[in-house]
């Protein structure tokens, strides 16, 4: 961490600050120039509150050198984390596809889709029981009933299930759920992250619409710091000025996160683009760039889906995407 | 609502769609051109699921004409909503300033600040008991204890209090809180919004970092649709590429929201800019543009604040901002 | 085009408007609802000035149905455009790699790099003679001298050359240049686009940092409307809030543009990411998603490059990227 | 400037780098920690090429301390720059309103508007002769003829004129123009900026749609470095995800720029919001926040304007805005 002091700072205050920082076990190097003075802090600065420093009268700005996340940091954990779910492995060179309907609508719908995605090669089943909808007048999900149907589909197909939690009060319903998904809108629901950090269950953490990669890792850090090491990251598009797609899929997040963290990285091309016909090229691109897997929406009858039909693939389209992606995998970036 | 059909659509499917829409009580007008066919839907389209239409094979795109929010819509409620809290009124031409520390740190700190902001003319006291922090290693707030201190400060000063809820499990602690704040990160925490819609208590709803004004109103709609009509909106900056400020304060949201909705509109220049020295000009600008009030962070000792000291005003600075803003008010846009 | 009228519009003005639109050869369909009236315009609306309509007192909003670009529109030109440069073909299933240094620095540097990229399989040589630099104190390019060196390198290697024009006054120097590049900052330099539309030479048009895909096509339309049909589009990252990469590479632009236009689409992973180590995964992703080619920065000594060394590959790294990308191509999305 | 070295860097290369930096007259301070080594550079680092450093193998990242602009920097020129145009003064506590039509359409139109804005209190006349339009099919301006009409209107009313240059080849037509405007799309047209730096004429430099404030100042620096000290900055809205307004007006740019630079700062609420009814509140807000002036579009008949009618005020509306703004001025932030 480097502290840039204002021009002609009060010397007494500078001395006080240096003493206080030394008291925290840090070594301080001063560099005095004509227009600015720098304090270089060497040692473990993760406990130094950057807000406290920024508010000081003598401080102009703070430049962070060390990343503010530790548990998620590849520097301190060079080995890839591999999350195991049922037979499926995510991370460390394994490729995992999670597929299923946007929302669970009925036993029939779910089991039809589950069987289809299994046959096409998916390793997990997704399906929303609790649905975050922008409008209070839109379908809000089957809720507890949806979780039951997911568990039935799991029993029938053997596929582990992934489903989203929207509020901690729903947590008791997730006991038999294999992977709990934290949606983009809850990426910074810190109370939820803390609670999920106490579980022994994989958490699929989606990037927020306006979240930087560092913020995504800080949210992962909440879960990891609580003791739960099974965190799977998921890039699903960020909000930009472009309107041709629902969001802007940031595939450079794959190599960027790969360097920053040891956690596995999935890509959700369905929510990112919002258009069924763009799912295939983006799934292939994600695989080529070295993603650890995909999350894809599949519906037996997209035109009658209760939610996000426009971005859902039919089982036949999904099977085509699986084949196209599998063909890329042997040549993917590693 | 206008449905744009693809070129040469399957006539039978078009007929089916039209029949189904007529079954919903809508009138349909067709316009056939060389390259596209339009269906104009007339009537109450708020119950038509736009996702369902978008997913149809024959549909190219949907153009919404009617706003998707009803309770929040000024068209249906031309009169300004006025929210009353203790003696303070928000909306309808009243100007209300909410001030206090970013986070409640101690009895002394809170009462000192509360007395100071009251004297300077604030009508409500703010203070965070539950603090959403990007880092799990940063101060997380005094929580239940913080609420108790706020209630003491309320007793001492007579100022109504505003404080943020981070999770529904904390709701029982908010019984005597005058205004419950929903933070930017929870603007689309729909389960929370639904629950708050069942209360008879004012809700201060902050705009999300990546939320459009329409989405802000859709979130307000969740609360209003539940029966709680006391919603106060708050612009607090959006996320953009600019780094000179913490966020980009969108003051054009004031006239834009004024036209879209009857709900009162506050502005938080502290979180928007992230710099104490920018709070005054932005508070004055918000007042001039016709905001219904301000939310400002004040701390007795910003350099030692446990949170956001950089953007906090001292009591003396706040008093200066109050005077500068009061001077603008008689000439403000209405 | 659909015109949404305000509530209770002045009937006489509505009649006037309808007459005027009919006078333009359009058919008008009216749909009257309780809260709004729609006018559906059928016919060729590309000549209708949307600004003129928007400014009318009786008009609430305009919804475009037809795209505002014609020459660039795939609807009217279903066949892929193939641009031929020397022996190289761009578009229509051909894959073309343009490589070379960010800026031309010397004869030695350029010829070394040119020979290396040719050997690795590049089909064209790039190199900046005129350099757009944020700072007036940074290296501004060798200018006319740089063009000469490019022509020498062309002679030596046989590779066609691509270089950027920054101002029309430089145009006379580009006579023997094979492809003229319009940089991101000039995408909406309309005077330049008009002039380039009069040439018979391929134009490589880079997407602006804050430009939508539709705006990119409108800029292409300027060139096409002038008579020059040889336009190559290039996605090179857009500006977002994320700071881990220089820009955010929008690979979904590939399928999106593919559907909108018949023009070829290149991807520049060097400028998009700003980091040499991210060029390979993003080049592979672009190939997998179906891009028509790549534009990549290569330098014989990146650590001493006068410009953008951080994102430049060494010849060895470039050769590795070429092989990795070639391996993907047979399985790429089409 | 602080250079952060990678873990365990090659010692020889570090020594080389240090020697080279010392050779540039800089003092170097080293701070060695367990995980990173810092080099603090003290002295005039404006000539150090940050790209050159970033590309080095041993360098992890660079943190700038000094601003990269000098001539525009308030640190080195604490006094406000005041630009004088005819009788009007811009900057240094003077408030200046530039008003007129988006585009010059005819002698009648221009003279009517010019007389009206003069009477309402405007100090300069604006009007576009060369018009940057997204579509090649939209009205492109009267060009040279438009400049002539502006000069006639100047003669008639005595108002100095401001008009936009789109390409350097038009420069000869601007000899009698009082202020040359560089539009948002040309903010980084560096060849144009260099040329305008050689003139002795005020330049109105508009902020680009995706430009940071630092980039705006770097563009100003191009003009200043050429010797032309008469630069006026203009905030006109940036591109964000919000669609309720044409752009997002960033009024916090006023205090932010005020601290960074000595140059005067105007605000253009017409282009920023894109809606005539939002011009008044935003003009008032800009005045309250301490802007040095406004640029506002006025048209005698907005419904028939050839360009941007939707955001143009009638003369009566403009007169109302002038009065409302004048009333705010005595209480504005300074």
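Lettered A, B, C and D in written order, each chain numbered from 1.
Just so we're on the same page, a residue touches a chain if its C-beta (ideal position, glycine included) is under 8 Å from a C-beta of that chain, and two chains touch if they have at least 3 such contacts.
Small disclaimer: the values here were computed from a predicted structure and weren't measured.
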Farthest chain (mean CA position) relative to subunit B: C
Contact-richer chain pair (by C-beta pairs counted) among A-D and A-B: A-B
Separation of mean Cα positions, subunit D and subunit A [Å, integer]: 38
Computed distance of Cα centres, subunit C from subunit A, in Å: 31
Intercentroid distance (Cα basis), subunit B paired with subunit A, Å: 26
Multi-chain contact sites of subunit B, meaning residues that touch two or more partners: 210, 239-241, 243
Footprint of subunit D on subunit B - complex, ascending: 210, 212-214, 238, 240-245, 248-256, 259-260, 272-273, 277-278, 280-282, 284-290, 324, 327-328, 331-333
Residue ranges of subunit D in contact with subunit C within the complex: 46-47, 49, 51-52, 54-57, 68-69, 130, 132-140, 166-170, 185-186, 188-194, 208-210, 215, 218, 221-222, 225-226, 239, 302-310, 312
Residues of subunit C touching subunit B in the complex: 2, 4, 7, 27, 29-36, 38, 40-43, 61, 63, 65-66, 75, 239-241, 243
